[in-house]
Every structure is written in C-alpha cells, then in structure tokens.
Amino acid sequence: MLGVMAVTLEELYRGFEKEQLVPLWTEIGDLMPVSPRSAAVPHLWRWEQLRELAAQAGELVPVGRGGERRAIALANPGLGGRPFATPTLWAAIQYLMPGEDAPEHRHTQHAFRFVVEGEGVWTVVNGDPVAMRRGDFLPQAGWNWHAHHNATAEPMAWLDGLDIPFQYLTETQFFEPGRDQFSDAERITPDRSRAERLWGHPGLRPVAASGAQQQPGLPGSPLLAYRWEHTDRALADQLAIEAEGYGGTVEPGHAAVRFSNPATGGDVLPTMRAEMHRIARGAQTAPVRETGSSVYLVFDGSGSVTVGDRTWAVTRGDLFVVPSWQAFSAGSDPGESDALDLFRFSDAPVFEALRLNRTQVENPR
Amino acid sequence: MLGVMAVTLEELYRGFEKEQLVPLWTEIGDLMPVSPRSAAVPHLWRWEQLRELAAQAGELVPVGRGGERRAIALANPGLGGRPFATPTLWAAIQYLMPGEDAPEHRHTQHAFRFVVEGEGVWTVVNGDPVAMRRGDFLPQAGWNWHAHHNATAEPMAWLDGLDIPFQYLTETQFFEPGRDQFSDAERITPDRSRAERLWGHPGLRPVAASGAQQQPGLPGSPLLAYRWEHTDRALADQLAIEAEGYGGTVEPGHAAVRFSNPATGGDVLPTMRAEMHRIARGAQTAPVRETGSSVYLVFDGSGSVTVGDRTWAVTRGDLFVVPSWQAFSAGSDPGESDALDLFRFSDAPVFEALRLNRTQVENPR
Amino acid sequence: MLGVMAVTLEELYRGFEKEQLVPLWTEIGDLMPVSPRSAAVPHLWRWEQLRELAAQAGELVPVGRGGERRAIALANPGLGGRPFATPTLWAAIQYLMPGEDAPEHRHTQHAFRFVVEGEGVWTVVNGDPVAMRRGDFLPQAGWNWHAHHNATAEPMAWLDGLDIPFQYLTETQFFEPGRDQFSDAERITPDRSRAERLWGHPGLRPVAASGAQQQPGLPGSPLLAYRWEHTDRALADQLAIEAEGYGGTVEPGHAAVRFSNPATGGDVLPTMRAEMHRIARGAQTAPVRETGSSVYLVFDGSGSVTVGDRTWAVTRGDLFVVPSWQAFSAGSDPGESDALDLFRFSDAPVFEALRLNRTQVENPR
Amino acid sequence: MLGVMAVTLEELYRGFEKEQLVPLWTEIGDLMPVSPRSAAVPHLWRWEQLRELAAQAGELVPVGRGGERRAIALANPGLGGRPFATPTLWAAIQYLMPGEDAPEHRHTQHAFRFVVEGEGVWTVVNGDPVAMRRGDFLPQAGWNWHAHHNATAEPMAWLDGLDIPFQYLTETQFFEPGRDQFSDAERITPDRSRAERLWGHPGLRPVAASGAQQQPGLPGSPLLAYRWEHTDRALADQLAIEAEGYGGTVEPGHAAVRFSNPATGGDVLPTMRAEMHRIARGAQTAPVRETGSSVYLVFDGSGSVTVGDRTWAVTRGDLFVVPSWQAFSAGSDPGESDALDLFRFSDAPVFEALRLNRTQVENPR
C-alpha cells in the first residue's frame, strides 16, 4: 500500500501491457453490453451456388483419410473468415460421389445430417447402416464411430451440422480414425436401421440394455434416423388440430416439432437443438429474439425471412443464420406453395443447461 | 433413571399395551426379515370366469354416479379379502354395456386401461376422445378428467390397472366428480386422438406448450394411447434383430418393450410401470426376483408360468400376480402358438424413485 | 357375450367371492374418498410413561443378537395394534444400559436417531464412531452397517425413526447381521466423527470420492451427525432476521430448518424428512393439512398442539402423530418458556418423488 | 448434377471465398485435433507486479458509473491481447481505495470474489451486506444486484473471477445499472450476512422459501460467503483423517474442498467451479490433464508448479493458468512452509453439463 510511486496514466497502461494485463474500464462496453451484440451477422447462402461449388469439388477433390470428408462450410462474414456459421455452430454441405466412401472416424463433436435432396447414401454408425433420404434427420452424438458410403450412381449432398466452433473455442475436442474396411453386412442398406427398429416406435422403449446401438455411457439419442414421413405427418397434424379449434401450434399457422431423444425426452444432442417448422400458406410468425444462434435451411416452399435488419426472399435449399438476440420472423408466400418448411438447428441446449437462455417475443410489425 | 420400580416381565408387557406401545424384539422377525416375505400370494384368475361374472354384472348392476364404474377387482387371497391384487396394485376387469356411459371424474390415483378384446369404446380425457381397441394401452395419469362411453352394440371389457392400494395405504387420495353431459364433439371417436396426433410421432415432440392435452403441471405421459400395431411391430423387430445376431432382446427369445412417457423417456405413470413381453415359441425365461410386485395378463398365445412354488398353464386372458421377491419365469408352448405375449404392470417406479429396488436373476432350472 | 345365464344379484356376489374378486362399486367410498381419510388417529404419548417403561425394560430384557435392539415402538390406536406410529412411519424409544452393546447389523430400512436426553452413547457406522448428545440428529441411510455402545455409567434413551411400516407394506426389506466384535479404534468416541470432519463444513464438500464414509452407490446423507449447537443457532438466526424485518421464517414467530443431504441439497433420507421447528414465545402457527403423516417430538419448552379435532398441552419429551390430511397447528406458551421446539419427521419425500404431495394452509382460527 | 463446368482447383477455392465458404479438408487438423490443442498458453503473473499496478491505478483511475469497477484482468499471451485468462475465464485483481464505492449493477455473467489480503470491504447483494476478509470466497451468481464499498482507511485488493469470455464468445450477456444510493442499513457491515445466517449451517436448510436472499428463479448458491475459517478447518481435517489411516484426501498429502451450492450440492455457480487445495509440506501431486481450463491463485505457502512444459517456483499471491488438456502438477516446498494452499477456479461445470468432460491422471514423473 505504501510507496506507490508517482506514475503517469500512460506509464500505467504501458505497465499493464508489459505484464499481460488489460483493464476492465476500457473494455466493459464491448465485454458487458446491455444485451448481446453479436459479432456474427445475418447472412444468406443460396443453395444454387452451394450445390454448384460442391459438385465442382466432387470432381476436383478426393475424399479420404486425412481430409476425411468433402464438406464445405458456411463462414459467417462477421467471424473473420473462419468456417463458423455462428460463434458456436458449424454448417456445411457434404457431397459424396457415386461409389465413394467417407472414412470411418469418431470425434467428441456432436453432429447430425439433414438430407436436402437425393437418396442412396447410408451412414454406418457403430456397425449399423442407416439409409438417408430427402427430409431425413440423422443425429450423430459425439464419440460414436461413423462412416458414409454412396451406393448409387448419382452424387448426393446433405447438410452437416456440428458444434465444431463451440468445441474449438472451449478446447474440448478429441478425434480418432477408425477402420478402413467394412464387413459385407455393413455394406447392405436396409430400409430401417437397427436403431430405428429398436427405438423408433412411438412411446415404446426396449427393456434390454443391449438394445442400444450407442456405446454405453455416451450421451445423445439412440434413435439414429428421424424419417421425413413422420416429421411431415406431425406437422400436418398440428395444423389440422389448430383448424379444429384445439391449439397445438406455436402460433396461428405455425407448426413445429423438435427432434428429441426418446430415452430422455430432451434434446437430440447435448449441444444442439434441431427442429422442423412449417409456416402455412400466407401465415407470418411473430419476431422472436433468443440468446444463442441458429442456422436455418429452407427445406421446401418459398417465402420471406427477416433477421435483424435484413430481409430475404427464400426458396428451397437456401441457408441463413440468425445471430444471438437478433429478431427473427418468417412468412410463407400467400400464393405459391402450400407452406414454407424450415429446418432449424441451434445451440439452445448449451444455454438451457447453464441457465443462460432468454427469449423475447416481439409484437408483430 | 432413579426409582425404577421392580416389575415383572408380564407387568412390563401389560404396561406396553396400556400405553399403546409394542416392543421391537418380539416383532423383528416379521418386520425386518432377511429378505421380503410377501403377504400377497401367487394366484391365477381365469379369463373365462372373470368374463362370465363381468357379463352377469352387466345385466344386474347399473353403472352411474356413485358406483362410478362397473369394475371387478382381483383380491389376492393373502391380503384379507381386500380388493388388492398385490399390496400396492389394483387390477380389475371393467365392463361396459352397449350405449352405456361411465361418468366423468378425476382422482389422484394413477390408472391405465389395457384392452383384452373388442373395440368401440372411447375414453374422453380432458375433452379428447380416445378410441380403444384390442391390445391398446391407455395411460391415465392422476387428476386428469376422464369418462368412458360404449358407442357400439356389443358389451366391451378391458383391464383397469390403478395404484389404489398404494394410495389407500399411504392415505394420499383425492377424488372429484365431473360433468354429467358431453359435447357433441366429444361423442365422435376419431381414429387417432389429439394426444396421439401431437405426441405419437417417434422421437418428435411438439414445440408448442399448448400441445399438451394434459393439464399443466400434472405428471404422467401426454400420449394417451399406445396402439397394438406399434407394440406388436416393436416386439417383432427385437426378435428379428436377435435372429440377425445383434442382440436387442432381454434374453434369447424374450423381447420386451416398456411403455414410456415421450416427454421424459421415463415410466408412463409415476407409480406404475407397464410393459409388453413376447416369449418366442419354445423359449423359456430365466427366473428373476424383484422387490415390488407385478400383475400379468396373458394377451395372446399359451404357455406355462412359474411364480415362487406355483406353476400354471396359461392361455389368453388369464391374469396372475407375482408378489415381491418371488421368482418368476415363463415359457412359451413349443408347438401351439407363435409366441406367448404377456402384458405386465408393476410398482417398480415407486421403488426406483426411492432407491429401494433390487433384482436378482437366478440360474435357469 | 352370448349365453349369460340369468343369475340373481346374490348369486353374482357369491361368484365374486368364490373367484377371489371384489366389485369396485361397493368399496369406492372407502377406497377413493374425496380427500384422505386416515386410518391412523391423532394420538399423544407422554415422555414420562415412555421413559419409565423403557427403564423397566432395561432391567428385564437383555439386548443382543436376535432381538437386536431394546426399542419400544409407538402403536397408533387406529392401526390394529401393529407397531406403526402412522401407516408409513416407525417411532420408538431405544434404551441402552451402561456398558451395553446393541449388535451390528444393516437393513434396507432407512433410520435416524434423535437424542432426547443424555450423552455418552456412540453409534458406529461402517467403522466410524459417532458421538450422541442431546439434540443431535443422526441419519442412518439403508444398508449401512451400524451398532451402538453405551460407554457411560448411566442408561441412555433416544428416539429411533424408521420407515419400517412403509417397507413392510410394500415388501422391500432386506436385513443382514454384522460383526460381533469391534476394533479398539471403533471403541474410542472422538468429539467429531470422520463423517463430520469430511462433510460438516458449511457449503464445502470433499473433492475426494474416498471421502465418503458411506458405501459407494448407497443413497442418503454422508453427514452422520447434525449437532444441536448448529440447529439451535440456525433457528435463533431465523428469528433474529425476522425481527430485523427481513423474513426468513415460515410465518411470524415460526422458524424451521430441514436436515438435508449436503451432497444433494435434498432430504437427508430417501423416504423420510426431518426438521426442527421453533415457535417463539406466544406465537401460534396456522393450521396446515398435508398428504402423508408426521411424528412430532417436543424437544423443549411447552405449549399446546392441535391435530384434527384433538388438542393437547405438551411438554418436553412428549410424542404425537399427525395423520394424513389432518390439520396441525401449534402454539408456544406465552409465559413459561422461551420457545416451543418441535422435532418433526415425516414421509414427505415419498410423496414428493411420486408427485402425490399436496399442502393446504388454512386460515388461523 | 449435370453440367458441372470444368474448373481448376484455384477457381474452386476462389469460388468458396466469394461465397463465404471454407472447406473442411484444409482446416480439419486445426479444427478437429486428436486431443485439445489450446490456443491459451501456460502463463504466470506475479502478485508483486499486479499489486503495484493496481495501486497505481488506485491513484490515477476513478471508479464509478461507466467503468464500473477498477479491475485489471489477466490477458493470456496466446489469446491475442484480449483480457481473457483462458478462452472461457476472466481473472482480475480488483482494487478499492478507502471510502470508495463501486456502483451497483447486475449482469448475466457469473462472478465471485476471493480475498487475497486485507479486510473491511463489503459487498451488498440484493440489499444484504457481506463482509470480506482474507481467504473468504464470495460467489455472485448472474443477475443478482451487487455493489462494493470500502469502509476502511486502507485500500483493499481481491481476485475477481467471471465467465466473461465464455459469455462474450457465446453472446449471451445482459447488463443493467442499479441504484446510486444505498440505505443506511446496507452501509452497516455485520459479521455475518443474512445469507450466511440462513444458509451457512452445515447440512441445514431453511424451510421458508422467503429465506433465500437470491431473487427467485435465479441459479447459483444462496450462500454468499464461504469463510476462510471453515475452509481451513476442512482441509486440516482431511489431512488429519489421512494421517489416521482413513483416506479422505485426493491423493497422499493433497487435501481439497469444493465450494458447493447448499441447495443442490452442485457447483457454486452454473459455469464455474471453485476449489481450495492444500498440498502438505513435501508432497507432490500426480500430473492431471482435464478438458477445460483453470486459473490458480497461490493463497499461501510456497512451492513449485508445472503446467505443460513450464515449471515455476511460486509464492503467495501468484496467479497462473492451466490451459485445456495440459498436464498440471504441484509440489509444496519441503522445508519452508507448512503447506502450499492453492485456490482454483475452472469452467468444469460447463463441460460436465454438456458431457464433454474428460480427465486423465498421468504417472508421476
């Protein structure tokens, strides 16, 4: 306390720098804002461009051990050129040529596939081959072995979602390469995977512990495919119940289902939420702000979406991001399509687990 | 401490009695046995008799406010003539004549219906009509309004399971009569209830809170019907996966699914577990002891079951009880039927919640 | 359905009886009342009588293997002479003569000791000797080894609380006798047990798993003694905070603390709640009804208590029961003592775990 | 699929850049390493320098609304000059001059204070004044109002820990300024806060909901001060129990306690773990790797610590960081001090909630 030598403010700041220190008072506005100021910005990627570039990569870039996957990631313009769609989420188009194999590996990053178009690829998860078709959602919880194979004569493309940025920033990633060969049994793609046959019956769970295709103790859903026919029917049911006068929708004309872990009822992956939203013809959602960020894929239909101060007309395959606390709303075209179907994934489970989640519904404009 | 007057042992025991006291040392063998000694005994009820008596009651006893239900309960011979199948579980056959209504009420006792034969009755739960058909399981969590109506020209019978004895012994029951009339909308029985349309899609949950047909804050599954076609398929899938060499069954030839709450993945009711077991032709289960008791209904097929030191040949509709810690095993007839299908319900969730559950698998004989 | 033979109502009832069946409609009023009708009745036991009979038993009845404990249980007059204070709770006075040992055993029944008077006995739990003094609360979760020893020249008496009736009715009990000899280290009674030295520091838990004196995987608090000096101070603090104008009490003049498991914050035992209540001089509590039952011990002071339609003047050592859904209130004598201190235990955790708990606070008379 | 125009690899990469896309195959080594490669580096800050610079800031920089706090943060040399001790954790020395007030505010960032030296400052949390003394740990869960006041004639310094970087990267922060004046009651510092009087008794929790000084629904410990006398005694007890032959320590000579939430038994804050470790004279800990990062403060004693490939001799007040998956071990000087006392905080609760935690204990060198 005694003997503080008289220094100037400039000398003080030089002292801070020399000692690897930074004062709060010059940084507080940036670090502790009144509400989240996202570095990520609203941005839209057009499916047409994505698809074209992926196809070019299919011709030019081999897929194999080392590169592991032919995946092309959305890089949010606000995040310094890194392949991060938002500060926590990775979104990429993955592209597999006829007959190609994407090698087996496992990693702590949680992942899912969502099929935009085509069919004929299967994913092998811990030895269980899972068919992939348009509209299917395939969760891939961390540290499960997985590989992909295209058994058809056509290339195939799908959306990969992972928590790569979150685990990169928090430095929690592990990775391990897997086998180079698969058994014959694994190369046959049944219509339903064993995971679906064990866990895909509504409200029914296998009594046998051996029924889990997941490795014991791993988090995440044991159900490895959520088929479009179920998702589509669930959304149609909600809109029908609303029409009968019994609610069931998020708001008028806005149906939504969440992909959930049948063993817990909770989110399908520990760090990512996935949902399908259907906005009926002519309907418009109220603007909502949430902590945490989302990536949306236009699965079907056309309409317009507003993120913060940006508005875009969107159509099938388009991808866009909603940064933290930026208001989001969407409307279905009144004339053209039956409905606007939006696939969404977000980092909400992280913030709910840590009690950092907030939501604010705004008055519609 | 001072002045303890000399008394005889006889005087001491008279003093205990006078003061409403009982010493431990004379009771400990009964109260604190080395392992559970059930008062309930193994017992079998034949469907033929049950059905006949229920039909007679249908002719003689009206159903209406006051008596509330035409339900005839299994009374375990070890439990003093009370209508308790086991110390905690109520099992009854309920019988409804053509055109009859069982009046609306609600109670804290958790309940379910399981349909042994017939179709055409619906249960209205909080205004949502739910069709009932053979093999369907309908949970009815406590304090939800419900009524039944037989819209057909035939009588119908089903199994009612409740935790009446548990709540009777622990003195936690509340009851409230409901409306006497239903709206026209409630008198129409759709193929699928609103509950199924909202919660019956595998791994998908409605995002809207308004999607719950249950009253907010009540425990128990929001899914109000588990249809036989799903249960049957899930069991067949397990046996097929086992045949392919990938496990999935409880033990060889023994498939089993648990009816679960899709909102939590846990048991369908807070105090009762419900499962369907399929024992393939010629298969035999290993004897298992568990704390807590079960009631079994032979849903289909024929075979033989052993409970403690009792063995019975059983066939469709027969009911029997497995008291606490008595070994249970079952075998399917090698020749006659495809499989032995056993519906089971038990008080296991009570003991798991309180950490009092134990299981011991014995060597097969 | 066809061929139901014409029978009389009398014949129908004989048929039920013959087939071990009981109809609901004759029993529903008893089984499914509008609100709980307790079989147990309000009852009071005077400490003076209990103490005298226990002392006589000390002279006449040896303690040792077989009888295991010199414990004398409250038998609720409504429960048919069985040693059940309420349908779920056992309450007994246990009495140990100078130099006596109560042999080691373990059982699934959860237990606690609460010391009414005296000191000098220790309980050895899994080899950890725990001193017992007036006002101390010692939980004893199921399946932990324990024995008692009176190292003094005076007899000692304390209250034993267990869930014996609950486990008796639900048939979940296991019991195992333990060692007949103790090591010298176990015969020394330190001021603080190892359990207290590891788990008795406020808000601090040991990082080492080896710090648990409980056997791994067992439920219940690892803290084996809750000392009166802490309980007393916590109650005094609440009344002081209330006097300063900041709340902190249950209601004016009514302080209460709950004995909790420091590893979970929850109840100290899976099936029993234990609390100490202090009613300040002249204060009166509002009548409260709760599902489930309680046993109260007057630890200190004097006052009057009302249970249902019974009212008693009570003083140190008196014990009474509050059956399910009977209104309870208590008042401290305005002049005589500083406060009325009531130790309470109940079966509340059972009903909270199963979502069967209800509470209703009535207007004070 | 058809009509993919022939492009060169260079053109493909230009296309990616133009469309805000980044391929996985060039980034996978950085993004998905075999095990965490921390950007943060091991680094040590000497208390002497920190203290001197803080004192200079006390002379030159006012504290008040806008800057809010005179806090000087550790800036990890691997993290680009930002005031982040690790990718998720903020650690700063806060300095308050005699008579100064740090203004009231609240924020979603979780925080704590740990007092390195001095006493006489109090923190007012939701109106409850909490005294601060050397060795005390004061958690400050997000969104609780708080201010600081130095009531003495001496400056005072303490360590501030927050999850500022985590909330900054995930963009979940809210902030709100509070009152500018305090009541007289708030300006008096009692020896024990109301929070301690309600929640600071071992194993005892208030029954009254009104006993919480936290705003309802907020996460985090209701106990607002963990006093050094309890922490010190708990550590001494562990070493004594180890010496008696009963374990209780993490490893030989290494005692550790975790600051826990008495309402849940879990971590004191949703995003941060806090512990005190005592390494007995001459003892050495085994190297441990963990996912997630830690900041250590040498509270007392001297010794040497190794982080990854760096080793430092440390003494009272020194601060250092352990990045993710870098091995950490510490040893107490064999001759000089009784023990090495290390205060530690980490982001472990984040990874445990998300199931991303891993630990690996290495063989001692």
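Note that the chains take the letters A, B, C and D in the order they are written out, and that residue 1 is the start of every chain.
Here, a residue touches a chain if its C-beta (ideal position, glycine included) is under 8 Å from a C-beta of that chain, and two chains touch if they have at least 3 such contacts.
None of the values given here were measured: they were computed from a predicted structure.
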Those chains that touch chain C and also touch chain B are none
So the chain most remote from chain A by C-alpha centre is C
When centres are defined as mean Cα positions, the distance from chain C to chain D in whole Å is 41
Expressed in whole Å, how far the mean CA point of chain B lies from that of chain D is 52
So, in whole Å, the Cα centroid of chain A is separated from that of chain D by 31
By the touch definition above, chain C meets two or more other chains at residues none
Listed in rising order, the residues of chain C that touch chain B in the complex are 1, 4-9, 12, 15-16, 19-25, 27-28, 31-40, 43, 45, 49-50, 52-53, 55-61, 66-77, 81-83, 87-88, 92, 107-109, 142, 154-155, 164, 166-176, 219, 270-271, 291-293, 323-325, 347, 349-351, 353-358
Chain B residues touching chain A in their complex are 194, 197-208, 210-211, 221, 223, 226, 230-231, 233-234, 237-238, 240-241, 246-250, 256-266, 268, 275, 277
